[in-house]
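This is the structure, below, for whatever I ask next.
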């Protein structure tokens, strides 16, 4: 049996727990050796449940643990910058949830640190690991639709988050559309040159208090000549709705059907399939696949499939979108990859 | 403007009225010149509504009218044989609803009369003129699925007909499955060599009184080596459900989706499309198309796309199916086309 | 038989011919009594084909014909204003293709003329008469999705029109998206308060010469608090793609599936349905239905389902969208219905 | 951490390896402690790969290992009877692949042995653990379609197995349709009273040598008054096609859509989704779920969700179907559950 990668997980909220569980039980070449969470008792509880030998309330205990090769940072976004820097300083390889940092300045700092130390860093854009998005990319690369010229993305959720969540969400462009910004770069294989964002509060009035919107629209142009529109909404009363389309010069690809179970009930009222209710139902496999890829790339000394630069670019677009919405102007971006 | 074919319609029930309306208003090269129905006042009422110059309670007035070139026979099945013979004797071209006659002996008689007189006769298997069935045939002929080796047909309706209808329906094999028997011959391009039928009363107990079933299954073999299963049901509480599949050596074709309007309503309960509610909703265009084809073939001296022989063969299979169900044995048929 | 409405058709291009054919053959209570087209011989040819007693190269012969009650104006947009004014002056009821006029000033003039003379005027937004759009409206009014808060429209075509067509098209917002602007007003039941438009040339470089785009995006806000995004494209290599979605507070409705025939071919390469190839394939019935409604409303002294005001509002949005695209600013509209 | 169930796996072919892998890595409360396979080196290789401490070429080493609580029997059908008896004699709990035994007599023997010793036995009808089939069952029990009155099952595969496989397959009724026989009992909640089977060789002539068919049809009646038709085919050139429908008195449920990835490629040739290529692609999760259920039920002292009696009943129907096909008669079954 080959050697396993010893990992730690920082932050054991819903998503952190999943990453921990995947590393502990389902990713063959990983070993979950330490977990940390500031909430009293949480790390111990998870450690016991998943059979993890070390746990702590203090993330530094994990970050400085010399036995670990890699850490997954699933803490609040405001702490990402600091956590990444400490991890890098300790020579750890990194998985970090999106967005990579809270500000572009921080993103540049951590990119430089990562580059200097030569550690591996993967960012949590799990859609790239969803089988349908991955298949779409493959088909585009096979030339099935000619040259890609337009991406249309939809991210809608039906849950009403509490005001406190909205307050710290960074706004709808950063919280939701950032996934589509990354998907657009991924599927079009191009860099964004301009960002124009529009939006409104069409239902959930309480988000106004935080200068946020519940319905957003972003228009992007790309250095390849392609363009893109990306819609986000907190008002999908019917379920969790993630769809994408890529128009190419010779065809198009549509991703996502909303259907949950592969069955339909027929009555006089019509033929009904159930709808994907929430993001775990849709992306459970994608979360596992991204962690499998993280560990495999690490083991094989390959570059991560979504790196810190991708994390920074998506953040850059989201920041520009927010600013565009606020100012009513189109924001130009510098597309050149450093 | 080219000369129009002068037509008469016999029988003005629901289906007869449609044929009359199509001939009067929608089939460009037809002129509806006479209608007859035994129900007092019915022919006059329809004549007034559709602008038909002649009407009668007596079908002979139409059958013997020297100004008519063609008649559509939409009277009860028990009268088909007599009507066809009179029409042929008067040199009329013919459209006759399915089944062509009530008995195989009658069918042979009318086939001989038609052949001797050299008149044109089309039988009302309108599915052949439904765009989806017609497209399926075209795809098969283009070789899209290789050699066709299996046909699977479904005919389900959700309406509960009155006992008197069941009594005169001829049984489920003759009333429903005869459409799929014809579709099987049409799509497979082959003749039936054996018929085995099974069936049961699974819900509508009152059909037992007439020794009928509400759920039927027929298994056919063909001289090409192909086979087929054909299900019929009176128990589709959810709507009108017509589907077909042809398996070929290199692929398959599926016909029919049940969806009515091209929209879906999404709520927490699921994504719902409405279902085709009844046969007019599904086959309205097919009924028009078959009448257009009838008139066009007549005008152009071409053979009908579904002729009296097709009518007889479908009847033969339906009669054999009924007998197979009653006796529990497989019935062999003589496949050679005369 | 009830009295028929005597109609004339002006302009016998592809669309004009359809309207003529529908009025001549398929709309029960209409009689096509006169046609005109400036192209030598065209009116006579169509008159002969459809059995129309009067024809002319000069539209005035139709507009001033005292025997006609109604005219359908299917001439180039640049002539709409003049044609409408003459028709109104002659007391004719009107069907006019979209856009109602070329400029907003003209639209105001014809609206005033129509109001003063009290004639009936229907504008050719045929999507309202498409069964799926009509059903969507009905479902929204039945409360199936709660209060409508967002409309998402797509109009994509795959055909590459000649440069001369682009030159006179009025631009993509006016040529394509105007249908969705009307659909948005129709389905949301609200008036537009602001228009922001973005766009680009992503494939068909030759449209740049005419300062046009081949991919457009419009963002609308409404006086009800709703919003909308509307995409248009000339780059759908795969077919003719018309879709709409309405998000409500309790659900959503999706219109359009792209599927043409109701069948699927299954091979090793996948399951394939054919795609709606062009607009006649999709909207043939809608064009007939709008003409049936035109004649029925006229006969019954009911208001048209899409009136001149609707025609003006859609034009107003399209003009604003074009200006917004050109100036990079959001255009405010006065939402109050006069 | 709770105690794990120590398991052994007998037979390490493709399916045996999956069960082993699931028990070793994915089923939380299981521990794979021993594996056996008669092929030289196979057990050792798998043991090394999955970290299994004990392995052998001799199944008895596993069956008699006192440290094991449960064994999974994935050996050839002809050995099932003997393996089960030995396992029971050693007090092991059992998971056994379908069919439970090769003959009904053997089935009765092992049922008696299991009952006498009081061990737990689950049979590998994994469709019951497929999320769509399980959801269908739930919907039926919730009354969504009224009383179930008809089940329609399809099992089609496109692969051409080698002659030697056909020779030992037991025939198409036993090899394929047995899954639908079990699904019919499961979804209808009733016992079979009669079996009529038809079939033919429509493409793969070489199966004739083994008196087998490549296209089968079975008609079942049930003690609840329901009926069922079940088709099986080796000729699905397009992929792996598993579908089911249950008609109820108030509606119907359709299971299965053939679609693999949740995306569609649109080109001029149509809209194409890929088709489920093979059974691992469709039932991977079901195989895991059945093993999770096996271990959970064992731990919680609950009865298995598919027990030895279910295994025997499905075998009984398959044996009757084969006999019915051979004799051309309908076979009556004794429906009473002992």
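By written order: A, B, C and D. Residues from 1 in each chain.
As a working rule, a contact is a pair of C-beta atoms (placed from the backbone, for glycine too) under 8 Å apart; a residue touches a chain by one contact, two chains touch by 3 or more.
Note that this is a predicted model, so its numbers are computed, not measured.
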{"item": "Both-way neighbours, i.e. chains that touch chain C and touch chain B", "value": "A, D"}
{"item": "Chain located farthest away, centre of chain D as origin (C-alpha)", "value": "C"}
{"item": "Selected interface, A-B versus A-D, where C-beta contact pairs are more numerous", "value": "A-D"}
{"item": "Inter-chain centre distance, chain A versus chain D - centres from mean C-alpha coordinates, in Å", "value": "39"}
{"item": "Separation of mean Cα positions, chain B and chain A [Å, integer]", "value": "57"}
{"item": "Overlap residues in chain B, where contacts from two or more other chains coincide", "value": "145, 237-238, 250-252, 259, 265-268, 271, 274"}
{"item": "Residues of chain A defined as touching chain D within the complex", "value": "1, 25-26, 28, 48-49, 51, 131-132, 135-136, 139, 144-145, 250-257, 259, 261-268, 271, 274"}
{"item": "Parts of chain C lying in touch with chain A, wherever the complex brings them together", "value": "145-146, 149-150, 152, 156, 196, 198, 200, 202-203, 215, 217, 219, 221, 225-227, 229, 231, 233, 235-238, 247-252, 328-330"}
{"item": "Interface residues, chain C side, partner chain D - complex", "value": "158, 237-239, 258-259, 265-275"}
